[in-house]
Amino acid sequence: MPVLAALERQLQGTRPLDGARVAASGRLTKERAYLLYVLKRAGARLLVADDPEPSHERDGIQRALGAVDYYDPGEPALDVLAGFHPHLLLDNGRLSVEAVSHRAQLGEIVGGTLHSRNAEMVVRRAIAGGQTPGFPLVGVASCPLKEQIETWHGTGQSTVAAIVTATRRQLAGTVVVVVGYGANGRGLASYLRAAHARVVVVERSATAGVLAVYDGMQLAQLETALPIADFVITATGEGDVIRDEHLDLLKDGCVLGNAGRRDGEIRVDDLKARASITRDCGGGVVEYVLSNRRILLLADGRQVNHHCGEGNASDVMDLSLALHVLCLQTLWESPQRYHAGIASVDPADAERVAQIKLHTLGLATSSVGR
Amino acid sequence: MPVLAALERQLQGTRPLDGARVAASGRLTKERAYLLYVLKRAGARLLVADDPEPSHERDGIQRALGAVDYYDPGEPALDVLAGFHPHLLLDNGRLSVEAVSHRAQLGEIVGGTLHSRNAEMVVRRAIAGGQTPGFPLVGVASCPLKEQIETWHGTGQSTVAAIVTATRRQLAGTVVVVVGYGANGRGLASYLRAAHARVVVVERSATAGVLAVYDGMQLAQLETALPIADFVITATGEGDVIRDEHLDLLKDGCVLGNAGRRDGEIRVDDLKARASITRDCGGGVVEYVLSNRRILLLADGRQVNHHCGEGNASDVMDLSLALHVLCLQTLWESPQRYHAGIASVDPADAERVAQIKLHTLGLATSSVGR
Amino acid sequence: MPVLAALERQLQGTRPLDGARVAASGRLTKERAYLLYVLKRAGARLLVADDPEPSHERDGIQRALGAVDYYDPGEPALDVLAGFHPHLLLDNGRLSVEAVSHRAQLGEIVGGTLHSRNAEMVVRRAIAGGQTPGFPLVGVASCPLKEQIETWHGTGQSTVAAIVTATRRQLAGTVVVVVGYGANGRGLASYLRAAHARVVVVERSATAGVLAVYDGMQLAQLETALPIADFVITATGEGDVIRDEHLDLLKDGCVLGNAGRRDGEIRVDDLKARASITRDCGGGVVEYVLSNRRILLLADGRQVNHHCGEGNASDVMDLSLALHVLCLQTLWESPQRYHAGIASVDPADAERVAQIKLHTLGLATSSVGR
Amino acid sequence: MPVLAALERQLQGTRPLDGARVAASGRLTKERAYLLYVLKRAGARLLVADDPEPSHERDGIQRALGAVDYYDPGEPALDVLAGFHPHLLLDNGRLSVEAVSHRAQLGEIVGGTLHSRNAEMVVRRAIAGGQTPGFPLVGVASCPLKEQIETWHGTGQSTVAAIVTATRRQLAGTVVVVVGYGANGRGLASYLRAAHARVVVVERSATAGVLAVYDGMQLAQLETALPIADFVITATGEGDVIRDEHLDLLKDGCVLGNAGRRDGEIRVDDLKARASITRDCGGGVVEYVLSNRRILLLADGRQVNHHCGEGNASDVMDLSLALHVLCLQTLWESPQRYHAGIASVDPADAERVAQIKLHTLGLATSSVGR
């Protein structure tokens, strides 16, 4: 994580977040813990969700993170906020919705960052439901440094590697149906095509469908696509994409996996209800034997790159996490640079992250033109 | 142009633009003339820039377009607007700047569409200079249906084909320096890499530079990149990118070309001033013999895909032009759907264009999830 | 042609072909004329086919080539050989077949080179018919420097550029049916796929078909493939691939083209017989209007990269032509290095061409291992 | 392994190998055991090398294989042959060399198949050393069904997946030096480039070097390439490629791995001798801390796709192994179809494997032309 490391070195001297209270949601992975550590070194006081499943690794992470406050993620979000009076949020959506709804009584909040499209959607719904956000919530997911690099390249690479490792099949020559052609599905489809698969895309949006066509993918309806699939990978962000009624359309030996962040895209219970025999093939692959065909499910329907593989490369997460640091710093020092509501990352903040990244690579931009 | 044709069929019955006066800037190519014709069939009254260079083709286009008003593109934009009192603009920037500046006296304008990033930049500068736009100007260039398809795939394909046809060199195995990694440069770089060139990117922005690195391009500074270039292609939208001082850095036989919309990226006069001999090689290629090396210039420094080739494929322009029709219709019928100032294409307008496109291809979207 | 130029400089001093008589068949393009010129400078005496269609260009080429003997390509091959008594052949097949058949009376022949797979096939048939070749005929077409570079990359690039320039269609998003998946078809399919087309392959050989599948192409039978084709490109080397009975299977607007070296892959007469209207669209494209659909034919069914475009890049032909020079030199100096019959290029001869090529690029190999 | 399964079904009825004694060398993986089982079902009597490391898995494989003879792989090859009097060999080279040398006393041998390029090289050396092979040894490695599919696609995919899983680094944007550009290195380089890495190739052969250049790779000498490498992957088939003197050229954090079949490409002892600290990072990655830099070694220098990953996909091995079955059948039934010495797979044998493969995929070839 060289960008976060560079930020740590820069900010521990100037401590721009001195006095700021930051409430964070989400699981404490090693990478996110380092983000929090950098915020702490920059002067922030932190409130962090405790991990519901104590483990050896969690203890090590908490020790490395040092003195911070913890809250029980099961506690109502409003109580969490009311008890800590945060200035800044670093959030997967849950805290922000409550903060927007109860802004009056949590008057010290100056803004926050949202980690994913899902988080933005949750907040957007609250706003559409009548809530007026009085402060900026910066969605880092649409910043090119996250969308093009982590969501596209990062997830593309890690998902393909996880599928290959788990199934030990040659993707070249197979038909892979990718359901959903947002940034996530598009990156994955691009990596699958580069691995010489034939990619068939199923999409709800015509705009995304036209993109898929011009990218060289075959666009088809779900019912037409499933019978020719060697693999079906969901990446919609929606629930119940593959359900009981679809199972009869699949070929014998078809592999089902989910590349979306959300767990319920494949209704695993429908598969289990239909299976006469279940066989664990190892590596996160379970074979369900239906009356006249076998279906292989990856990672029990959870995100395949995380649960059949090692997740995204740390250097691409480094870029996304560094965006949080600089956006939070800007929200604290110059909140007027972001408008209230869901805001995009200020290009100047993205540019600063990118400059540090190029510096760590020994590369530089070039003045061009006059 | 199947999408425009479908719109023509739809709108000639309902005539949603009845009563609307539309002022258009820009050259009357066959494709743009068809767009104007569709607007006319939809009920609009048109004011169109006359072509400064009368030709046989221009006569045919004007005949096909039928009864519209023309103005001399040399006339001051304000006079043009004041004489026609347009409701809607279809613009490359020049009319919009005046319309924003003199909104009070041109009170009937309800909005307009901007065809390119350049047009948006020109208007943005006027706004930054203190002008308050009182109406929406919809920038279609950032809509995925234009940016990802025409700017990326369209320009990528047409520029590569033009370079190959003009130079008759195998791109595989050469080093191509692409200066500028916006949507235009990025699409071009991607097509060059797919043709097995080694692409070296020069960029002013660190954010774009990091994207180039993760896309597999080599990022370098201009002075380091030029000496290894077999081709140098500019795509910055800026002027004076390749100047006198750069010529000594180039290899013997290096090819210079411009893929940007603007003409002055390569300072052709600097090249001419240095050349002892000039030789027309045909196909838009001119060889300049400097004291100790030969430099080949494509299309006299103008946009290479248009001047050494046939420009973008008509089916990708079809999508972009159809966006104008639907955005203008929305501006006329439901202007509140766009906010004042530079606005993005409403996803619903893009979706309608995409639906027609899929329909002409015999394809369809698929309901997914619940 | 830097490799031929380097050979010219090397061989004009040592004149290794002094005393050798070389009989050449085939058309006198600029590139092939340079090959012959290098052989002449190396000491050979040449007999060259005169061009049946005198032209301004042919005069220039003959002047540049200087004093050589010419024969009328309509003259029987045996008479040509009997009149010149060649030691070496540089051939498209016709001379070799006669030379093999009448070796006894043409006793001075020590060997020859064959330029194409087609030439090899013709000679192979003569051998299969009972002729015993008493000397080596080196097939350069299967040497990686020709097969992988000129046939694959060269034809791939030039065919795609010719199709794009002639039709002005975006290949991204279209379905291109490639009939034939030899080196020619495989290179073309690879370049089309890189341009984001969906490629459907039709093949007679199961081995080539399995390669197509693993390369990510869709394999289909001709009758299934034609109805979904936006483009049909033949590359089989066989005749009568697309015939009358196939025309009814094509979509309205489908484009037909031939990428094979042989002209009769598309039965143009069948198309003409069915067309009620014929329209020249320029650029080598002719539209045939059948009763209920329009078919566009490229280059009148002749090789599309040559007749709608500029043919292969000269730097890839340079490699192939240089192979002839070194193989002929070896046949003259050390004939025992090649066995009688159709022989492969000796890796040492290929290596020498490749070394010169790398030298002209300023590149070098590296000793590796111990 | 659907092709082997289809062969099993076909051959267990006709038993074409009845009476044939087949001696096999090499390790008893699950895949190779199935090949042997199919030979047994086809009537052959087998002699198989026993695994030197008894394990639970080996017991299962041997049980499934059933009654066959075993020999100790440590026993001299000549003794093995003399004791069994095989008709056919299925070999990694060791048995064949002895069989060629002592053909007189092992007169019943009619031929064999060689599994790898390495095996062919070993036998070629024996022949060059004066041995006259009196029977055919068919090298399956150069058959397109193995070279293009298993060596290119198979190893490309499995090596990239293994590197990604082991190092958890994003390949996009990194510089990967591939040493060796044979079929193995070329396939790997192609997969790495498709994953958006920048690939630098080091080669000893100019011919392979020119191919690398035209494929879009950067060709460099080892000493120039190493200092810019994020990864160095050897694929030469030679020993001692990366040695002590190269370690000082590497960047801090550089990853070393071997994709070649042979173990000694990276001199691991040199690395160990220089390291002050050694740290096991898990997943087959060991970090060696030299005085001023850290070097990461994959799989202890052994073939990375096998030792950091799952090896090649079984469906690509299926094709290669099926080639052995049909070549051995042809050698037994129609030995005259193969000439004595190292022979290529008869296209008819390859075609039969390919036909079965297409049949298992539900695909078919198409008659084309007349």
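A few comments on the model shown:
So that you can tell them apart, the chains are marked A, B, C and D in the order they are listed, and the count of residues begins at 1 in each.
In this text, contacts are C-beta pairs under 8 Å (C-beta built on N, C-alpha and C of every residue); 3 or more make two chains touch, one makes a residue touch a chain.
On a predicted model such as this, the values are computed, not experimentally measured, just so you know.
If you compare B-D with A-B, the chain pair joined by more contacting C-beta pairs is A-B.
Among the remaining chains, the Cα-based centre furthest from that of chain D is the centre of B. Between chain A and chain B, the centres computed from C-alpha atoms are 34 Å apart. Look at where the CA atoms of chain B average out and do the same for chain D: the two points lie 52 Å apart. Across the assembly, chain A contributes residues 153, 170, 172-173, 196, 213-214, 316 that each touch 2 or more other chains. Contact residues on chain D toward chain C in their complex (touch as defined above): 144-145, 148-149, 153, 179-180, 202-207, 209-211, 213-215, 219-223, 236, 238-241, 265, 316, 319, 347, 350-351, 354-355, 357-358, 361, 363-370. Those residues of chain D whose C-beta lies close enough to touch chain B in the complex are 170, 172-173, 193, 196-198, 213-218. Listed in rising order, the residues of chain A touching chain D in the complex are 153-154, 157-158, 160-161, 164-165, 168-173, 191, 194-196, 309-316.
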